[in-house]
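The data blocks that follow each hold one structure.
In the two complexes below, chain A is the common chain; its partner is chain B in one and chain C in the other.
Right after this comes the complex of A and B.
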């Protein structure tokens, strides 16, 4: 079971992802509310995958991605995004994001994406 | 699933509201020139949009989307921030709020938002993309220097195809050299990009390409075709479609094993969300424990069992700690209700043509949630009053030699065991003469009474029921909550209000509140077979009623306490208790607004910590009680609320 760290500033989205991922057989090891926390928790928890929201207070998802990649170049970060943020996601991909999921989330798609990124199928 | 959605809905509503607050605050900041606020608003609109999208609230999603786009233009400097612009945006925020309310009440976001969407739309002459599409030639067989051609077909339902393509290209670039991608990035962003694209690469290891491709989601199929060229050809030319499955399975096993080892460690969550109702239940249970403890103590001393006494005293410690902890959890920062004020003050001031600088201090001060909820409406009223009645118009202010902009300060802090909330304005202050006249006009006091009153006492008259200095309650202040409600609410919570004001210089209202109210010390008294609880905070002393200290003047009974006449109220009569009259009654002297009153009961049963269980629904309207409590033996006992029992209609 791949370990997942969920990063999103809304409890709502975290809960949603938590439920989706749980049903997909993932092990949710932690949740962060902003980029800063995400970086901290990444260090502590060493998750296999991070789902990273982009627009967040304190430190946004792109910055957090950079930090995490600095720490661990092999980190698998999946960006959470919405229609209209294409350019930002592309930037994230250039920075090493391994995938992206689009809000509103569709459970099967989210699970597929994470499984692919984790190397399961 | 139904109930699941319901759960999400609740959470959605709660969180969306918090975000709305945040939005309101940031608009005020924005108007005051804080440009960081733009990003915040943008973010919040975006967040609500995302949540609404998931919940299927299309209207709300659209509204947030429009607001977000408008904010985007503000951020890019394309729209200048003026009060008018902020007005329109705040209207959008209100519309969002209205929609959320509707969602809460009817689970529908069917609110007519077209007007506001149009208004927002005016900010946005949407840029029309030119849609000329040049023919993309995918049939190109080869590319200079490339030794492999990868054909990628994205699945039909793939969202943001161009991003997915970018992801594929990026992943490929890690194991090969990308020579070209057809169509190019720009063309992929166009709507009619069908998801089929070709990447020409140079690589030495086709297996790696295959591996990388299999790790990208939303790829319907891919074909890797080595190109016949001078370069080191890998002999196997094969078309790999999605039937790489077998290999993948093996690979995933390996990965699984590798991961399993350190799955279960470092699980740490620093905070969790708790439903407020649950917290209330816990508090109630703690209350019940406190009650049972009282009962045990009673048994222990009645039967004189030392072991039990010892056991209970240990339990007592745990319960006290538990109680403290739960109380602590229930504490909420005043920020929660203060945050809505800047927006309110702004709107009001704009409507009234006044200029107001609004300052808040001590936002971290904590109060019990119940106290905070109760005090919310009264505070709204006070703040509105300060803007409406306190601060003068800019012209008046200038004429009075003051700065054009008025100042209102709302502060909270802790002082010993009290929480103090202070509202201060530098407006025109209270007009004592006017208050006096109005009070006499309204029959609240007589001329003689008024003449004998000190200035402070006269000022307190604004808290009397039925008092309002403006003849027609304006839309702003007159909302059914009068100053009297402010006072009774605060007093019911066990606090007090004080007002000080100087003509022409301003007004200061200071509210003292206990930090918590759920558990109080009380005096249990008996009348016939009935038991009542009186909060100890309002009890001054108690004495027996004798022939000597009982006096009836003009039909009104008085108890003489150290030479002073104290109006007496027989609980027996107030509550129509008929049975068992004792030989000797007892008078409990209570204080209300620094006046003393005597409540006459049969006996004092004991002094005890009780847990207030508020009355709800119709019962909440009964005057004279602040709630009930349950005693150790299960009896339900009403808690007397001195200020409503003796206040208002003056039961005497």
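Right after this comes the complex of A and C.
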């Protein structure tokens, strides 16, 4: 069961992703509400996948991605973005993000994308 | 010269009139005729490919009346011809549709050269290979974004819309002055179609969860609300035309007979 760290500054989106991923057979090992927390939790928890929101306070998702990639070049980070943030996603992909999902998302698509990134499909 | 003399195409077709009936359809530069009815292209209010009474057909709306015609092998050709001849405001554009579907990028989608055509009931993305109808009811949002196209950074319109219950984004590229005008035009259409009363944060969250596919029990758990509270919120969303009821949940409690049976089941499990 792949271990997932969910990073999003809104509690609602974290709960929603937790619900989707849990039902998809993922193990939610942690949640962070900003990029700084995400980097700390990545060090501690060593998740298989991170779902990373882009616009967050303190440290945004792109900066957090950079830090995580510095620590672990093989980190599997999936960017979680809203319509209109495609430019940022492109930057994230260049920095090594493995995939991205666009809000609003549908549960089966999210699970499919994360399974792909986890190498399960 | 009459329309009859200008017939471009005459093919066997079926039309629906209480049941499917065989006939012939004739197309001229300005009209389509079948079963004694002639519809000028400029009179067509709406057009849609759909499955109707067991057949792949085309719905043609004129004077608020729907006509259903199945063109058989010529369906794609005739549909394309009709879409290009609808009475509409039409703008030459490049478009990419779908760009994302259900929140995931559609990797094999390509830019098409064609038109953005706006009728009273729909937005159309038209090219020789694609005729995409976006009902005005299905329009979500329109905004500008910058994307790398070829080797240039270009401003595009990002249109979100719904198709078969999924949110799709489509991109439109055209000269920036036209883009600005198109954005305002489409935004106006969206604003006119929005619910008049605003919705609360909790209602927004419910809509998001329902779209995502979260079941009602999880919605209650995520929001920390009771079934009664959720039902009231659902009713409001239904009243606003933002959702529809597909199933009514049943809540049950056990009768003494049921409790006794559970007791029995537990006893049996204990001696196994």
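In this text, the second predicted complex is superposed on the first by the 121 of 121 C-alpha atoms of A that agree within 3 Å, B and C clash if a C-alpha of one lies under 4 Å from a C-alpha of the other, contacts with A are read in each partner's own complex, and residues count from 1 in each chain.
Everything that follows uses one rule, which is that a residue touches a chain if its C-beta (ideal position, glycine included) is under 8 Å from a C-beta of that chain, and two chains touch if they have at least 3 such contacts.
Predicted, not measured: the structure shown is a model, and the values here were computed from it.
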Fit or clash for chain B plus chain C once both are placed on chain A? clash
Just to be sure I read the superposition right, which of the two partners does A:1 touch: chain B = first, chain C = second, or both, or neither? first
If we overlay the two complexes on their shared chain A, which of chain B and chain C does A:102 touch? Say first, second, both or neither. both
Kindly classify A:48 by the partners it touches after superposition: chain B alone (first), chain C alone (second), both, or neither? first
So in the superposed three-chain picture, is A:119 touching just chain B, just chain C, both, or none of them (first/second/both/neither)? first
If you stack the two complexes on chain A, which partner ends up touching A:16: first (chain B), second (chain C), both, or neither? both
Contacts for A:90 in the overlay, against chain B (first) and chain C (second): which applies, first, second, both or neither? both
Tell me the contact category for A:57 with respect to chain B and chain C: first, second, both or neither. first
With the two complexes superposed on chain A, say which partner A:31 touches: chain B (first), chain C (second), both, or neither. first
Of the two partners chain B and chain C, which one touches more residues belonging to chain A? B
Go through chain A and flag every residue that touches chain B in one model and chain C in the other. 12, 15-16, 19, 83, 86, 90, 100, 102-105, 109, 112-113
In the complex, go through chain A and note every residue touching chain B. 1-3, 9-13, 15-16, 19, 27, 29-31, 44-46, 48, 55-57, 81-83, 86, 89-90, 93-94, 97-100, 102-105, 109, 112-113, 115-121
In the complex formed with chain C, which residues of chain A make contact? 12, 15-16, 19-20, 83-84, 86-87, 90, 100-110, 112-113
Chain A-touching residues of chain B, taken from the complex the two chains share: 4, 8, 11-12, 15, 19, 40, 42-43, 46-47, 49-51, 53-54, 159-160, 162-164, 166-167, 170-171, 189, 214-218, 245, 248-249, 251-252, 255-256, 259-260, 262-263, 266-269, 273
Under the definition above, what is the set of chain C residues touching chain A in their complex? 100-105, 141, 143, 145-148, 158, 160, 166-167, 169, 205, 208-209, 211-214, 218, 222
